[in-house]
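Heads up, there are several structures right after this.
Note that subunit A is present in both complexes that follow, paired respectively with subunit B and with subunit C.
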Partner chain A sequence: MLRLVLIRLASFVPTLFVASVILFVAVNVVPGSAARSALGIQATPQAIMRFEHLHGLDRPMALQYVEWAAKALVGDFGKSFQNAVAVGPEIRKRVPVTLELAAIAFVVAIFISVPLGALAGFCHQRGADVVVTTLATLFGSTPSFWLATLLIYGFALQLGWLPTGGYTAFSLDPIANIKGMLMPCIALGIVSSGLLIRIMRTAVIEVMAANFIETARSKGVSNFRLVTAHVLRNAMIPFLTVGAVEFGFLVGSVVIIEDVFRIPGVGSLVLVGIINRDYPVLLAAAMSITVIVLIINLLVDLAAQMIDPRQVRTGH
Partner chain B sequence: MRLENYLRLGFVSLFGMAIGAGLPYTVLAQEGKYGGTLVTAFSADPGGFDPARGPSGMSHVVIEQIYGTLINLDADAQPYAGLSESWTQAADGLSWTFKLREGLTFHNGEALTAEDVVYTFERIMPEDSGYAYRSQVETIDEVVAIDELTVEFRLNRVTGPFEIYMAFPGSSIVPKDLLESGHDLNAEPVGSGPFKFVSYTPRDSIQFVRNENYYETGRPYFDGMTYRIIADPTALSNGMKSGEILFSNEVPPKDWNAVISQPGIVNAALEGSRYYWMIPNHEKGPLENKLVRQAIGHALNRQAIVRGAFFGQATPILGGVIPEWNWAYAGLDVFKPEGDIEKAKALLAEAGVVPGTPLSLTMVSSWPPMMSMAPIIQANLAQIGFTAQIDTMEVPRYWDEVWGPSKFDITAMYWLSPLADPDDFVTNTYATASSVSVHLGGTEEMDDLMLAAKSAVTIEERKALYRKQQELSLEDMTVIPLVNGWVLTAHTDRLKNFKPMRTGFLKTLKDAWLE
Partner chain C sequence: MLMTDFNWRRYGLVAGTAPVVVIILVTAGLAPLIVPYSPYDLDVMVMLQGPTASHLMGTDELGRDVLSRVIHAARLSITVGLVAVLIGSFCGTIVGIIAAHFGGLVDAILMRFMDIVFCFPAILLAVILMANLGTSILNAMLAIGIIFIPGFARLTRAVAQTVQRQSFLEAAICLGMPGYRIVFREILPNVIGPVLVEAAVAFSYAVLLESALSFLGLGAQPPEPSWGNMINTGRGFIDQAPWISLAPGAALFFTVFSFNLLGDGLRDVLDPKLND
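== the complex of A and B ==
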């Protein structure tokens, strides 16, 4: 297990290198200059030159990359072009917020998808299966920002139960934290559950067809025990593997939701980085999301192997 | 009200009676309530907190709370004492002498003296200073500290809006010793204003706390303020409607009626200085001809733009761009609110433009009013025989590919004039040397008129010159004025004694309190 962890950690290095090069080139070749975005309507040619010189944007891209990467390796992501805020500390403050949002949303998605997916799998090609599959399609195709708007209208504006947005740290006020997180997590969780329901359903159908299930049935194992001890346990492995990908996707898709609910996470920095061509902010935010996704994938692989150690032996 | 507040109020009243007319009317006894945090909402992040660097309007509404200026402007744009208790202009108009208040301090406890004033201006005066509003200080030859509390500004030309410039957030006085020690004001702004800076989280909020040592005794009333940054317009409106946000002067026009119809919300909207104009490229095909530009000006249905793009929350500009509330308003009603298609067609016929001539209309995709007005303008252009195509582009690309190189037939822009001086409405837009004059037009005659208007000594002289400039601008139709958007301010009815400013500035928040 330790060897596997080390190998996977070592594989992060080339992945991060390639990701950073692609990101760096991408942000530098997209149309729209950082200087004009920062200076706005009154950007004179002199002011633009001054800005580009000050931030080293007038030098070759390769040189800019090497300098950026060298500093990034020691945790220095530079300062925002827009407001001169140091990017590294800002990212460190925001990563836990985004992780909390994505994690709770993932839990919501699991709470929806495991029972519904299992139900559909058990009732394969029966009424419940059709209903659940239709629901999964509906959930998966709903834009999360639209769902967010509906939730805000209902629970914040009409009923007044929850705030329309904003974030309070859990350590400051746990109740306010949960109240603020509920709607964004439900909006993200419902949309994510669309795919996860289908994965769970397929996994259950496959397990149900396996020989050992027949054996268990013939031994007279009760339906409840069959589901909890045999079917779900075995179906969880493919579910978790795909779930990890979905969790990574969740971390990446918080961008709009963070903006709609005014949550100061990494996602909102990605958005502001793109809109303002604020490259230090955009690069640091996007790279931190890449690292999070890599680590989550690693953790979920490890979890899958703990559930089914055969994966280590067979090299899956 | 607690005993100490009564005592404080009593002191304020006595102080007001003792000094009388030397202080702004707002300081004179009014029963205010101390405490509370005002939670406000804005749509954009500030571009830094250093007065010399912050180019954006959002920077300014932060800077004006943290720093002090020599002069303040009240809600009617009238100057009153700021850091300086008095000031005089020399008979020839070429020098101004300011007498600072005694005992002024910065938030870090250091004394604020004439040396800080000199340092502040020497920092922004050089050509390569990078100060975005250098045109405001270009007529200053030198700033001299006469003694610890007296500063003299020597000018190379009479500067009409000089007092207004001294009240501008960019002219905020910064602490010399602190900056010389390498302090970065963008990371932690230190001034002498009514509120101290606490923290800034990008795309989230800015926190302020009351400056207990503010020079206007008894001000401010709030314990602190939170500026929330809410980029999504609907999220901002929702925050107002639910009562989480107590104040905003950026309520989106689309939600304005829904917000102000909520119980407990006060409508404090007023016509401001956010005006929109259409820019014809003077080097593109038929637009080279002023008759064509005039024709387009007459064809536009500004009333429809007000309804369709601003939900009624704007005033059509029927003549020059200086608005009716400003002292230099000329009342030149050249355009009809609904447009005059016949007149436009006659002008086009005179210019010899063939029906069906193509034009492109390039708009910024993320500015809702621009996107909403585009089809209205397109329809108006079609009525007089142009086939207009609407192109849209996101902001950074727009600056780079459209605005910077003047690569458009027609585009539109808006400008929130941060000054109440008429020069700010016209020079940026019309002067040939301005970075905003991407129309590639303008005339020497108009440049001279604007310079003369800015340098004239009396208001009457200046007013007459601005009238002439505006007449000329409508004859040349350098740009095509559209509408003047209102400053859509709404706030909780618990907020008392707040006076909205037409420039969108919020200095008057120091005089308001929460009940």
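== the complex of A and C ==
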């Protein structure tokens, strides 16, 4: 057991390294554009050179990467090109906001997808299955930003029940925090549940076909116990492992939803970084989203190893 | 053929969705011929008017006909989707086949790299690529296409590995068939089916991504109509003129939904378990 955990933990380091290299290259792939946008189109070549020299942009990319990575590891993401403010503290302020949004949205998605997916799985190739599968496709086809626009139109502008956007910290005003989070989380949750319903359905169908279900049935296990103790428990493992990929997708969609609802998380910071061509900001925001996704994948893998009795047994 | 002979379970979904998809494609293809107005023509006399007989979906904040803009945007979205899926499936299939064919270290390195790219939230990668490549339709196609490569690579590799274990492939190798012929004659034909299903789903996702990029101002630039930038503009007028963002959103949703259903249908057709 411990060995498996250690192997998984060890594979995290190279993954993080490659991911950070990809991001660094993706952000820095066009030379000179940072200086030009920071200084304006009328900047002289000398001014651009001075700017690039000042920020170390004229050195080889590999060197720039090593320097950036070494600092980033201790939480120093450099200073913003725009206002010379340190990026690290800004990230630390915004990450919890994004995490709250993504976590609640994922919970919403699970609440939608587990019962619906299980229902479709139990009624495999019958009426309920067709209805749920179509519903899953419908949810998955909905553009989150359009759904968000519709929700704002209905619940904020027409009914006036919820704010159109903005963010209040939970510690300041819990009610206002939940009211502000409701629409973004529902928009994200519904869209993400499309794939999750399918994953749950497939997982249930596979477990239902397993021999131990037959055994449990012949032992006279009640239908209720069969579902709760045997089917759902075993279906949760593939559901969680594959679902983690969807959680990554959800964290990514945060970029758009945070923009629509004016939520000050790392997702909207990505856009701020892009609009201002502020590379330290963009890189730090994108990297923190990527790290969140990678850590979630890691945790889910570890959790799946804990739930799966077969892997526990090999450890003893 | 009698209706009762028709295998509804296997072909029903494709038979139902294919005509819808064809209508969407034809509408998009013939956009300049069928739109009632030019999508760029301003008419301040009819600004922010609701749906009427002359403007079926109303007009926007500059008096442009929303219906004409929605149809023109379809053309753009579908072009972006097609090109992006072509880039993704072409490169992905090559990577997948190389990985499966050579195996060993080549396979390990290629697929590990693909896994990491796959881990990235697609929209984040698209946004960053667009910011650097510059906001244009061509770059949107490229950015979205790159995102699809790992998915197609994984799929192709999985199928190719299954084919490689079949006895007919062993026979081909024993007969001394050269490597490239094995790839083109034995492996590729088997890969095409699953890749096609994946392509239908990827296409609808590409249309969604293009709209998301345009919504954020990183894709199609105004006045060029795109569903994404129309929804975004419409947000500012949603209280007075909700149709400006409702109409393109509905078109986007309907298109994505139709192509996803087609993907589901193609999967049914290729699924041997449903073959009665």
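We adopt the following convention: the second predicted complex is superposed on the first by the 291 of 316 C-alpha atoms of A that agree within 3 Å, B and C clash if a C-alpha of one lies under 4 Å from a C-alpha of the other, contacts with A are read in each partner's own complex, and residues count from 1 in each chain.
Keep in mind that, in the parts below, a contact is a pair of C-beta atoms (placed from the backbone, for glycine too) under 8 Å apart; a residue touches a chain by one contact, two chains touch by 3 or more.
These numbers were taken from a predicted model, which means no experiment stands behind them.
Asker: Would you check which partner chain A:K93 touches, where first means subunit B only, second means subunit C only, and both and neither mean what they say?
Answerer: After superposing on A, A:K93 lies in contact with subunit B but is clear of subunit C.
Asker: Pick one for A:F249: touches subunit B only (first), subunit C only (second), both, or neither.
Answerer: In the superposed model, A:F249 contacts subunit C only, not subunit B.
Asker: Contacts for A:N83 in the overlay, against subunit B (first) and subunit C (second): which applies, first, second, both or neither?
Answerer: Only subunit B; A:N83 stays clear of subunit C.
Asker: A:A47 contacts which: subunit B (first), subunit C (second), both, neither?
Answerer: A:A47: touches subunit B, not subunit C.
Asker: Check whether A:L138 is in contact with subunit B, with subunit C, with both or with neither, and answer first, second, both or neither.
Answerer: It touches subunit C, and subunit B stays clear.
Asker: Between subunit B (first) and subunit C (second), which, if any, makes contact with A:L157: first, second, both or neither?
Answerer: Both subunit B and subunit C are touched by A:L157.
Asker: Which partner does A:P264 reach: the first (subunit B), the second (subunit C), both, or neither?
Answerer: The first partner, subunit B, only.
Asker: Check whether A:A169 is in contact with subunit B, with subunit C, with both or with neither, and answer first, second, both or neither.
Answerer: neither
Asker: Which of the two partners, first being subunit B and second being subunit C, lies in contact with A:L226: first, second, both, or neither?
Answerer: After superposition on chain A, A:L226 lies in contact with neither partner.
Asker: Please identify the positions on subunit A that touch both subunit B and subunit C, taking each partner from its own complex.
Answerer: 33, 149, 152, 157, 259-260, 271, 277
Asker: Under the definition above, what is the set of subunit C residues touching subunit A in their complex?
Answerer: 9, 112-113, 116-125, 127-129, 131-134, 204, 208, 211-212, 215-216, 218, 228, 231-232, 234-235, 238-239, 242, 245-246, 249, 252-253, 256-257, 260-261, 264
Asker: Quick one: in the complex, what on subunit B touches subunit A?
Answerer: On the subunit B side, the touching residues are 45-49, 53, 55-56, 128, 130, 132-133, 184, 186-187, 200-205, 228, 230-232, 234-235, 238-239, 241-242, 244, 366, 394-397, 399-401, 403-404, 413, 415, 435-436.
Asker: Taking the touch rule as given, give the residues of subunit A at its contact with subunit B in the complex, in rising order.
Answerer: 31-34, 36-44, 46-47, 50, 80, 82-86, 90, 93, 149, 152, 156-157, 160, 163-167, 259-262, 264, 268-269, 271-272, 275-277, 281
Asker: If you look only at subunit A, which of its residues touch subunit C in the complex?
Answerer: 15, 18-19, 22-23, 26-27, 29-30, 33, 125, 133-134, 137-138, 140-143, 145-146, 149-150, 152-153, 157, 245, 248-249, 251-253, 255-256, 259-260, 270-271, 274, 277, 282, 286, 289-290, 293-294, 297
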